[in-house]
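Chains here go by letter, A, B, C and D, matching the order in which they are written, and residues are numbered from 1 within each.
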Amino acid sequence: MHMEFASFPYLSSILAACLLGFGAILLIPARHTMLIRYVSAVFSGITLIITLYLFCAYDKRVGGLQFVEKVPWIPPLGIQYFNGADGFSLPNLLLTGLVFFTGVLTMWRMETRVKEFFALYFVLVTGVFGLFMSMDLFFLFVWYDVSLIPMYLLIAVWGTTRKEYAAMKLTLFLLAGSALILPATIYLFVQSGLNTFDIVALMQPGTFGESQQKFAFIFLYLGFGILAGVWPFHTWSPIGHVAAPHAVSMVHAGVLMKIGAFGILRVAIFLCPQGWQHWSQLMALLAAIGIIYGALVGLRQTDLKYVIGYSSVSHMGIVGLGLSTLTVDGLNGAVFQMFAHGVMTALLFSSVGYIYDQTHTKSVAELGGLSRTMPVASSYFIVAALAGMGVPGLANFWAELLVFIAAFKVYPLRGVLAIAALVVSALFMLRVVQRTFYGPEKEKYARLSDVPFGLGIPRMILAVVLLLFGLFPSLMVDMIETASIPFFNGLPR
Amino acid sequence: MIVPFGHVIVLAGALFLLGITCAVCRRNLIMVVLGVEIMLNAASIIFLAGALRWFSMEGQVFVVMVLAIAATEVAIGLALIVYAYRRTGSVDPINFNCLNEQPTGSQLAGFIRE
Amino acid sequence: MASCWIENSTLLTAIVGTWAPFVTFVLIMLFTRHRPKTSAGLSLASATVSLASALVLLGGHWNLQRPLEYTGRWLVSGDIYIPFGYLLDPVSLLMLTVVAIIGFLVQFYSLGYMAGDPGFSRYFALMSLFLWSMMCLTISPTLFQLYIFWELVGLSSYFLIGFWYEKFSAGQAGKKAFVMTRLGDVAMFLGVLLILLHLGNLNILEIDSPKIVGLMPPEMLTLAALLIFGGIIGKSAQFPLLTWLPDAMQGPSPVSALLHSSTMVAAGVYLFERLFPFFLFSSTATTVGLAIGTISMLLASTMAMVSRDIKQIWAYSTISQLGFMLMGLDAGGLFAGAFHLTTHAAFKALLFLCAGVFIHQYGTNDIYDLAAKGTRRMRVPMLCTIIGAGALAGLPPLSGFFSKEVILAKLAGLPNPIWLVAALLGVFLTAYYAFRPIFIMLFPPSLPAANASNAAPEGTRHRLLYRIMVGPLVILAGATVALGFLQTPLRNFLAGQYTGLTTAGGAHLGWLPYVTSLLATGGVALTWWEFGRPGARQTGFVDGIPVIARFFAERWYLDRLYRAILDHAVDRGISAVLAQNDTRVIDGSIDGISRGTVLAGRLAALINAGMIQYRLLMIFAATVLLSLYFFF
Amino acid sequence: MNWLLFTPEIYYLLVSLLFLGASMGGRATPGTDYIAALSAAAVGMAVTAAAVKLEGSLFAGSYRIDLLSQVFKVILSSALFLVLCICAQLNGIRERHRRDFYCLLFLCTVAMMMLVSSVHLISIYLSLELSSYSLYVLVALRKNANLGLEAGIKYFIIGIFASAMMFFGMGMVYASTGAGYLEELTEVLPGFVHDPLLMLGLLLTLSGFFFKLAVFPFHFWAPDVYQGSMNQVAAYIATASKVAAIGILLRVIAVLGEGNAYLIQVLAVLSIVSMTLGNLAAIVEHDVKRLLAYSTIAHAGYVLIGVLSASAGGYSGTVFYAMALLLMKFTVFLVVVQVASAGGNLRIEQLAGLHRRSPLLAMALLVAAFSLAGIPPTVGFTGKFLVFTAAMQKGYFTLVLIGMINVVISLYYYLMMVRAAYLLKPDEALPDLHLSLPLRTLTGALVALMLVAGSFPYPFIQAANAAVRALM
């Protein structure tokens, strides 16, 4: 067996931290809930630190894949345990670390079946991490499924509204996506004739013919697109968001939907660039519809989480639009948007989580005047809502800006439609803010307490991240460019 | 071969079909078993035809073997049927269809529908 | 940023001046939320710094030959280059100074006005946020930067309008303001993108240079100009997006004074000034702009004539005056617009601050109520209001007279006389509505007993607050009077801008000033007749025709129209249909598939449920089918 | 003749005869009998494992010992051992029938071992019948006679019907080619590809294996038999019997080989219908065993995908799949046997609250269900992946796609089991389930094995490859 490690296996140590955390949680007796929480926080904190380190340690001048780890896994089929990080995956890894850690803190006060919850949560995140770092198609698929399956129990056991229905729907939907991905993956493997699942090897120009690329691309696009909330395959997501417990909503909207978009990028676009060019019109159309549609439907929603859910559909449409533009800017914007939207939704769900824990309702109509009782919790929500509206100074603005510029250049009409949706998204976000936080204080909520400092930490982290990348977008875009520009230069013209 | 091979095949096929008809149509477990025996015999005819056609003894060995097998089969079958007759007083296959209570499925369907 | 930014004193001044408020904002939000005094001190200090730096910059570059531009990399993605930087030229320096001065005065005033408010710290943080974004907007060298801060001033406006968020209507008004300006912003964004598409970058100086005509086809240029004008319409509350501004008066009065009269809403006009040559390249765009300006001016005037709310009257007058500015600019008078912007900033801020004093004292916005409670006894604010209203009405020798005169002269130079006529009508109406509240407040039908409420509030604390508030009034009143006489130096100062540009010089008509002042006086006189003279019924001539009065008071039913569109077409229309589509069609078909699967499952189970022989038959049949497959 | 080659079979036959003798006389001693059977099975496993490297042929070449057969024999002997592991409480049958039960179980295992070694039509038919007869009786042994009897009769009738068809088919094959040995068939087949008689004969011949494997349309016995027979027997049918059927199917298909487009197409049709029908029917099923029967039918469809790929990869994938099936099916049955400790049937709702009653069993059920559904990183996924890859190499994209869609459908009912175990609250509080230490170890080991073999499948794939090499 020939192994290859470029340096200390940082990427594997992220996975190891997750798995060790999982094992530790399993070993702790279920009644020591506090210990389980601390263990979870520690291990998730470790992953955050490693991802942060990787994000900073990545050498942007060299670019390309770094922190590579390669171990043969199933040699007859050319399957390798092949991890690497590049400008596309690092933002997502960082995002996962952030959401993971803050998610654990958000669920600090949860009391039911704590042990099982955190164990499953760790499994979920392991899959997500694995997917973002894997450069082997087989492993990528494995991680994809690993990250989906715990969702069922996480939602069905700890969820709230229509939880079983939502959990079943979500699981089947996403598995249906994988039903499209796996055949296409194997198809590519077989057609390449290279007997390898190595993405780097498969993405060499000329590996696949044009018709093969077109054929495989549409399967991969739709398969991953389901997870990315591409219209009209988005309906699982608002329902899932609503039903899931807060931390799971955070991971779900913040990271899981990114998996879909990342899959489109890493698998579909990397391996089938000609297919990408062929289908980009369709991608742009679906994305533009998704953006407007999500915003307009969000306007009608009365449940806080539904609102966020539909805003996610809209925002993921922006990612899709960026991916469809076939430009560097579009890719930059799309990846940036993955990150920014992830942090933003995580912040939204985290805030809603706190509010729900206090008031026990998510209905916009019942809430009101919360700014008075819990100004800090409200301001976190408002910050995230502003980010969602694309207000400058927060990370989302830049991402959307890049995508819109690219889209406007390439698809003027669809670009204009998408940009017009900014008004609607502003309208529905502000409407929620207005009805939930403004207005006279309600008697029944007058006695609720604001976020204590400790519980505020996760939201603080997320808000600071939003602001940081909002003020210094170069930090992110320079990173993404190390991947997007070489990728474009390598494309066959 | 005196009789053309094709004729033997047709004969065997007809016998086989007869056996199947017997097994499918008769409302009596014993007759069902008998029908299957007829099917076996039809197969034996084919083997014999094959043996003659290829001048090999294998086909006849088959037939000998299957005689034994058929005997075993009938032994087990009759044991079961007699046992069944003792318990239920009937050998009508229709009386042996209580297992598959119709799945209601309404609960699951309702769940899907919600 | 240029590597030697420390050494370059101009740049350093600019950076310190613009970013000090931001630092304040962050400090207040993070650390001093619960220490109002510290927050106010910080905020005022940063406003002082900004003011000082703005004055230094203005003084240091009074004789600026060509624009100074400093840019540094902010974001590079692919072929998009977004710099952050500073563009110092007469237009931006003048605006910067206006913003800094009024910002400083209003913050000082707010010490008194907002004293004791639970959100005191938050207020100053938001004011600093606004100041920062407004200043950065002013000195933007690229349209990107301008757009970014354009959005940010909108954001601070949203928060400040909804400052008293417990009042439901305040939050609503903030939302309305944000969304309506967003509507314009989207248009502007598209226009910006269109320019980017053809020009490759968004440097304002390049956009203003004649080479753009070669780079953009004329129809594209017109389209871009019109789209950007959409942004101006939104921000400056012009027709048809004008209804948010009166509602924005839900915010505290100093906010109205700073944001919603003198600076933020003027940002639209400022943008026009920035892209002045660009707009002039497209005659269609200027004509549309002229029309929009005129319509807004007249429309707002009519609305102001019937309103009873003092702040709303001034808000309408703001719309109307912004319309005036746009008319002047569209007529080709850069100086006309800029000068009126400056004088308007002074006198409108003055008016709002005065109104703030009244409201603070008596707790009502209604002019009749105010009159009945005895505003006329508050001598200084009353006098200042009269000065401000005089300037607004264009009475000589107040500044408003001079700046309006410049605009009218430009309009007179246009071939079509209708614009001049409309503008003169506007002058008359302005004088009428400006003095209507004055006379109502000066001559209430009955006065409460003289001692019941003293002119100056009692108590030392109250007196202190009152003094704090009155201070800026006096300064602004002085400015209102003085600015008119600074016309020539300002004209010379601005002459450095866009030197290469030749525009149709305004006709210098000797009779115009007289006609203007006559009309203004006439307006005032009519008001006096209706409201001021002893025994007046204090109802305007419009009130005599209820239909029209109602029409005006309802803002020409524009608000209702929008509401209806939003409620019926968007909310209950498209949105509802789409939501239904989501649950019925998409989810429905998915649930249908699931149901179908279950149904198929039941069928499949049925196949497996028959008696033994039936199964044998099935086996046989299936085998026969399969063997048939062989033969065919 | 080298009788050493025949050691495992002889061993199991002897054990079976011993139990036969014991059943004729002496009082029933359940405890001792159980220990004896279990240790006999354990020893048998060792014997079979020791014989794994043997090669040769017996009985005039009609019986081949090679790596393939030996690997399958190891799997079969471990299946027997595993099934005996959960026979500690044989509440399903009368005490006096215990020895008969063991006797038949061992006898059946012998028959299956012979089946995977058979290379002549006669030996195939003989061993197939032998194994079936033992099972007919085993099914009918159930104490709750109406269930067992009905299941037994159904199994018997459908079984003999299918075997008659098979025999008829063999006759046609023989008559048209004159070949009795599989090897001979290999040689003569290319000349007869367009002979409809032969094709029909082959199809009918396969029907016997399809019956064992529960492939449509020969699957009709499965739901009733699983439901009617007692839990342990159902477990045995679901594991050992399937493994043996897969083994012999591989041998036969390897002979029919490539280039037989018609047959491949028929297999593809059968595979698709089996998966779809099985999965659909399972959706509305509430009886766990019946549900498992349908899932078996579906799995037969997946197995066929590997078989019809007719390539080394497909065969080795199929062998891997057989091992995977044994593991995961058995794990579910272990849970069923433990939860329904009284020996009755189990409805899904009765799994309620399992995660409290026994977290270990709940987890085993969870992992096994996901493995059955084919979710990574479990062994079920790896098996499916191998099979699908092989099919794709032959260009059967649609087949793989349909297979994946079926995975989605199947996930629904597997999730229903998981849901019951983790979500539902039992109507009345049920006592905790205490497993004995060996059982706990066994359960843990099974779970670990499913995960490990799923994540590190390479050694297993190597073994499967080696076994398959005997076929090529």
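Observations, loosely collected:
As a convention for this text, a contact is a pair of C-beta atoms (placed from the backbone, for glycine too) under 8 Å apart; a residue touches a chain by one contact, two chains touch by 3 or more.
Since this is a predicted model, take the numbers as computed values, not measurements.
The most central chain, judged by the distance from its Cα centroid to the centroid of all protein Cα atoms shown, is A.
Comparing chain pairs A-C and A-D, the larger number of C-beta contacts belongs to A-C.
In this assembly, the C-alpha centroid of chain A lies 60 Å from the C-alpha centroid of chain B.
One inter-chain figure worth recording: chain A and chain C are separated by 37 Å, centre to centre, where each centre is the mean of the chain's CA atoms. Chain A and chain D have centres, each the mean of its CA atoms, that are 42 Å apart. A straight line joining the Cα centres of chain B and chain C is 91 Å long. Shared interface positions of chain B, defined as residues touching 2 or more other chains, are 23, 32, 93, 96-97, 100, 103, 105, 108-109, 112.
Of all residues in chain D, those that touch two or more other chains are 153-154, 157, 161, 165, 223, 283-285, 412.
Among the residues of chain A, those touching two or more other chains are numbered 164, 168, 172. Contact residues on chain C toward chain B in their complex (touch as defined above): 591, 594-595, 598-599, 601-602, 605-606, 608-613, 616-617, 620.
Taken together, the chain C residues at the contact with chain D in this complex read 597-598, 600-605, 607-608, 612, 615-616, 618-619, 621-623, 626-627, 629-631.
Those residues of chain C that touch chain A in the shared complex are 73-80, 147-149, 151-152, 155, 158, 162, 165-168, 170-172, 174-175, 178-179, 182-183, 185-186, 189-190, 193, 196-197, 570-571, 574-576, 578-579, 582, 586-587, 590, 594.
Those residues of chain B that touch chain C in the shared complex are 20, 23-25, 27, 32, 93-94, 96-97, 100, 102-103, 105, 108-109, 112-113. On the side of chain D, the complex with chain A involves touching residues 355, 370, 375-377, 381, 385-386, 388-389, 392-393, 397, 400-401, 404-405, 407-408, 411-412, 415, 418-419, 422-423, 456-458, 461, 465.
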